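Presented below are the structures under discussion, each in the form of structure tokens.
Each of the two complexes below includes subunit A, the first together with subunit B, the second together with subunit C.
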Partner chain A sequence: MSDHRGTRPKGRESLVETVESAARLIAKARQPAIGGLGTDVDGVRAALALGLKIGAIVDHAATVYERVDLRVLSDSGVMVTTAAEARHRGDLIVLVGPGAVAWAGHASVFDNGGGLYPWRGPRGVLCIGTGGARPAHMAIDGDVAVLGDDLPLDRVIGLLRARLGGRPVAASPEGLDVTAIDAAALQMKAASFGVVVADAHDFDHVAYDSLMALVKALNAETRFTTLAVPAHHHGRGANLVSAWTTGGRLPVGMGRGYPEQDDWRFDLERAVGAGEIDALVWVGALGPELPEWAGKVPTVALIHHGAQECRADVVIEVGVPGITHAGVLTDAIRDGFAHVEPRAPQDLPSVAEVLSLLSAAIKDKAA
Partner chain B sequence: MITQLKGGTVVDPVSGETRVRDVFIEDGRIISSPAAGEAIDQVHDCRGKIIMAGAVDVHSHIAGGNVTMSRLLLPELHVNEAPGDAGLPFSTSKWSGYEIGRLYAEMGYTTVIEPALAPAQAMQTHLEMADIPIIDRGALTVVGNDDHFLSQLRAREGRTAIRDSIAYALKASKGLGLKVINAGGPAAFHSGLRTFDLDDTVPHYGATSRQIVSALLTAVDDIGVPHPLHVHANNLGAIGAPDTIDATIAAAEGRRLHFAHIQFYAYGKDADGSMRSGAEQIAAALAGAPNITCDVGQVMFGSTVTISLDLMKQWSGSKFASPRKFSITDGDAEGGGVVPFAYKAKNWVNCLQWAIGLEIFLLSPDPWRVLLTTDHPNGGVFTSYPDIIHLLMSADERARWLESMPEKVREKSSLASMTREYSFEEIAIMTRAAPARLLGLHDRGHLKPGAVADVAVYDDLADRAAMFRSASLVFKDGRVAVKDGKALGWIAGRTSILTPDYDAQMDRRMSDYLNDRYGLGPAAFAVPEAAFGERSIFKVEPCRT
Partner chain C sequence: MAALTFTLKAAPPERLDLSLLVPDKLKDLSAREIERLGIGTTPTGVVVGDLFTVSGTDLTDIRFAGGSDRFDGVGTGLKGASLHVDGDVGAYLGRGMKSGKIVVAGSLTGPYGATAATGGVIRVTGNAADATAASIPGAMAGLAGATLIIEGNAGDLLGDRLRRGVILVQGSVGALAGARMVGGTIISAALGRRAGQGMKRGTLIAGTVEDIEPTFVFSGSYTEAFLPLLRRWVASEAGAGFAALVPQVAQRYRGDMASLGKGEILIG
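For the complex of A and B:
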């Protein structure tokens, strides 16, 4: 990659020329990659189509979501609910890990008690392994209960699972009173519809798997489910589009002419570090910005207008779905796709438009 | 442009007797014959071949949040292994929408209905369906377990208000029909119940399953939905469920009702309390109730995944998951459960399920009312349809399969003694004419002049499975989409929808409700054309008047 800032197209004619520069950069690559993928449904569709055509590795920046949340789904399965159900029906919200507390604070999911189900009892909150963090803006009936503030999540979840299953634990494991564990277990069993909130960033896949097992076990006697902190930069939407397009989640590699899923082989940061990637298309309409590790490869960056200086070889400013142009995005509050109109329309190309132009400018490898 | 399909044996009971004749296509429609002197642009030699209308599947889970959940849950069941042909990107990506479109088309299917369109997730279902190439699609809007509707029943709101709220859900979600799943069961599961029968009451709403079904049957007729209420009844998979079917038919009180995957309810009780075939009771119920239609939900062997909005059933079934994992989504109404399952050819219960499905077909009083499905993928994958057709058309083939099965299957079902063999005409009715008519899609399922030129041409092979697996030719809207069992390229199909009218006050009421529930207005749940960019997706079908 060069040190100078790449030129940005001015106007549509310039866009075509810039796309041709990008196409030349990609066409000579032996193993191209498409990363970031912070874009709307049509942008992801276009990225996957381009990826198949050029045999690229394709991934989204929300790698933790994929490697923890979605991995546990495929390893053991999950029990999940929507934010609206959690708000209205949940009579015990269990915040597991500091990320859950932070999200509950700023996402406004629980800032009112929800009123659709008048028969619901008071809403309790239990913080598990949150490192002292407590929710600031939640509507709560009574005090926040706490368990294992200073314990690693995998440890406190393990202890809780043991006691819920009626198995013994050490008299005072790591300073945690067994009666405190039992009190938390009893509170969970007593809930009519409990909701565990967790942020995959606080876990490795083993601990997250253990958390899901705890929730499944609770359903033997009552109803319990989970609400995951949403993936950043439309990571959930991108993975869902990948699932119905390629058959599976991201990352995928398409060098063999069909999509293959492999977390290690197609980990972009690893592959770039190992010198396996020789051209990168970074899609950052919704962010994130080009990561440091991308500096090692020739890069075409699709960045949102007004983004900070981008050190890519070719930089193309694109619009932002929901801001400059309409698009379909997942809405975390209702856990579904929604069509969003632009709030401040501008004549900027969409990711789908640029990637389609790019695809058209690259001769088919088989041709 | 005029295309001639020359000299084939046309099996189209809607337009007349089976006979050798030419079929003509002009501008995407069937015509009787070209005008005198009009040039024929393209001739396909169909001598020795069987020509039918493109097939129509009334119930197959091909799109939506739960289908995609199954993709994410079970990567090991669909590992991609080969590139697709040129011009068919992602066509070999297993379980992808592209593969679904290709595989259906290659069997001669040209219209497929997704039976579980959850209103809160309508956009995803439509996005997925729009990415299924070649075939036309439609979806059934799921109602009956959502808080708004149940609150209407609790408040004893009038027939018009219920009609309007259901019409709103149908129109907003862009459905082609209405479906209810274990009426009230998923709502009861949210509240902790683990069983739910026709006269059980949904906690907190005071409405029974019977009342829900009855209100929806009336609403379907009041709205003028061409497809009868599509009912996933209570007690799916339970021994004794034929009684539930009888009771539900009685509850319909003569109104039109379609039972989904009725095989899963045809489990009678033996003297020792174990399962035996209840197919005869089901067949008798169907014979006595001409207002009732059903699809079978035939079980076929192999690893598959069960996808259902029947949370209660999926939770109880999760202990049989194979591989041992599952997902349960407590959604804003039903949500969904995804539980992998393996039907084993050496397991007598699975074999009996297989036999019961075939018995229902063979005891069917009317091919217009008993339709071919596997409830894909719940009973088996849709690519097993050709094998099922072969089994229905050949008693010898059934005997061959039965030979290797446990003796209990012969003891607990009458399949071995059944000699009936389906004719081509019955197959054409069951897989084409009947589902199209039942869905209100009057321009397909037959080859009368004016019909959409969706046509399947098959080699007349003794091996009916091979015959129906790989169509010799498939025309979609008059264009050749498949040749020699291989899709030629991506053609974009359409999604059929209904747009019923309702009182404008319902818009305001639903806006308030959605804002209360989600903090978001109706726009967040809408499925506008604009969401599909340049693509033209939707085709509006008429309601009954």
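For the complex of A and C:
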């Protein structure tokens, strides 16, 4: 591992020394930040505690999940279900956008028909604005219906909402036939339990809000709900921990001694670009890797055991919850927290342990 | 009485929250007390006196000599006073403003200028960033009754969830102008893509609209008495240059049919 730029501990004794050099780097910063946050519940709690102590901005790497999915939840409200309900009850799975198709094929939520309710009819699938993508590993009865492969997602959702409400539309420049829109609207209305699957990465908050309004409108006549593609790198768990700890979702800034939520001011990439952040602690036990923009600030990186490349100034190898040590993580399929036993235990420090040491080291400097 | 003036001494080393520097918050404070008000956003504890020289006592006329893209919250909740910034400002200019007048001789470099402002007039001589007059995440309304005048261009999401009030933009506007708006008016030379997407009520007026959404339905030429009345009002509020943005005859599109469909886009 000699190819690393930064210092890296070689054992428990050197961990203390490395943490001290990390503490020096952070202690002199005016506005530190803690990013990535790919870690278990204990790790996020430790990060928020450290953040409050040093007045840091804290955010998770799953920014789209926060700025689109969670934003629309607070803007307008959403109807959601679990993967299990979707699999067993859903007689129409509506995949909206290419991300939904990719996830439905990969996450094995729909790879069997779900046999819990014998009264459920056959399972249909409707692809909306998926750009030609079709699910490869879904259990489907009949053909996959398709609408608006060539249209921007926001536009095809708007057209569907209009026709569903019986309102007129103009001809779309892409030449989408109104009868095709009406047929899709009818198919959705005819479902007994429809499930819209969507990936927030395919949307901005306006388009996602529109999709949620479509689902709400469908509930006037039948039952319809949504299943969002889960946030990457434990983003949902990190935001839940933030909600019960700070009262709000991420990002939060604690520069004034109390947590404030602000998507724009505390956007790490923006703030680093604007020269507002002068030290970064990157937590990547579960990933992701250090982003390009981190190169502009002094960085302490907590990376998972075995990560080969890291350009941070101080690099600390940590264990991976559920692999090298036990941890509490959200289970995206069950949509709950779960204690996960280690699969291959190793004597590596956890994120919580390192951040607590870091917090203690900074206190010592201040004393 | 001389205007209460905050003269910027040095470039701010961090983002500043200037929401305290409005008459309601300053009225019982001496100059020394004002200088000790915290305006920093990091543990460093930056106070007014660190960055500004404070002079004058007239709380109805507040001036910032010098601006910065790190000036957040200027004129928050302003009521009945006049506020002038000689330079750029950051986010949340005039947030929740009730009445009075704000002039920024510069640009809005951050989002959410005039968000939830229910009254008064804000004039910006430069450009406006994305999400100006837009609702902050989780809020029901963006601009909510005030008048916002932008002499330059505006970015994307201008007036997202606009509730009430008028936005005038001399130049062009980015994508998603008036998205999800429930009332109010946006008048501009040109609107970008996805204009009015999700709007329920309200009016967008522009010389051109890029790639108008098919959920806006053409409903004829519009020559009602309303347009000359509006032009006269715009001339009195913002000047003849802005009044020229209001057409004599407009092509009217109703929408957004995806939403309630009681809004309109007038192109002319």
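Everything below uses one rule, namely that the second predicted complex is superposed on the first by the 356 of 367 C-alpha atoms of A that agree within 3 Å, B and C clash if a C-alpha of one lies under 4 Å from a C-alpha of the other, contacts with A are read in each partner's own complex, and residues count from 1 in each chain.
We take it that a residue touches a chain if its C-beta (ideal position, glycine included) is under 8 Å from a C-beta of that chain, and two chains touch if they have at least 3 such contacts.
These figures come from a predicted structure and were not determined experimentally.
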item	value
Which of subunit B and subunit C A:R24 touches, first, second, both or neither	neither
Contacts of A:G55 with subunit B and subunit C, given as first, second, both or neither	second
Touched partner set for A:F193, first subunit B, second subunit C, both or neither	first
Touching partner for A:K363 - first (subunit B), second (subunit C), both, neither	neither
More subunit A residues in contact - subunit B or subunit C	B
Partner chain(s) touched by A:H106 [first = subunit B, second = subunit C, both, neither]	neither
Which superposed partner A:R256 touches (first subunit B, second subunit C, both, neither)	both
Touched partner set for A:S74, first subunit B, second subunit C, both or neither	both
First (subunit B), second (subunit C), both or neither touched by A:R167	second
Set of subunit A residues, in rising order, touched by both subunit B and subunit C	74-75, 256-257
Residue numbers on subunit A that touch subunit C, as the complex places them	30-31, 54-55, 67, 71, 74-75, 154-155, 157-159, 161-162, 165, 167-173, 204-207, 209-210, 213, 253, 255-257, 263-265, 274, 276
Residue numbers on subunit A that touch subunit B, as the complex places them	41-42, 45, 48-49, 52-53, 70, 73-82, 84-85, 88-89, 108, 115-117, 119, 192-193, 219, 222-223, 225, 239-241, 243-249, 256-261, 326, 328, 331, 333-334, 336-339, 341, 352, 366
Residue numbers on subunit C that touch subunit A, as the complex places them	13-15, 38, 40-44, 69-70, 72, 91, 110-112, 131, 135, 137-139, 157, 160-161, 176, 179-180, 194, 197-198, 211, 213-218, 256-259, 261
Touching residues (chain side subunit B, partner subunit A) in the complex	63, 65, 67-69, 71-75, 78, 80-84, 86, 89-90, 92-99, 120-121, 123-124, 127-128, 131, 147, 189-192, 203-204, 315, 321, 325-332, 335, 338, 516-520, 523-528, 530-531, 533
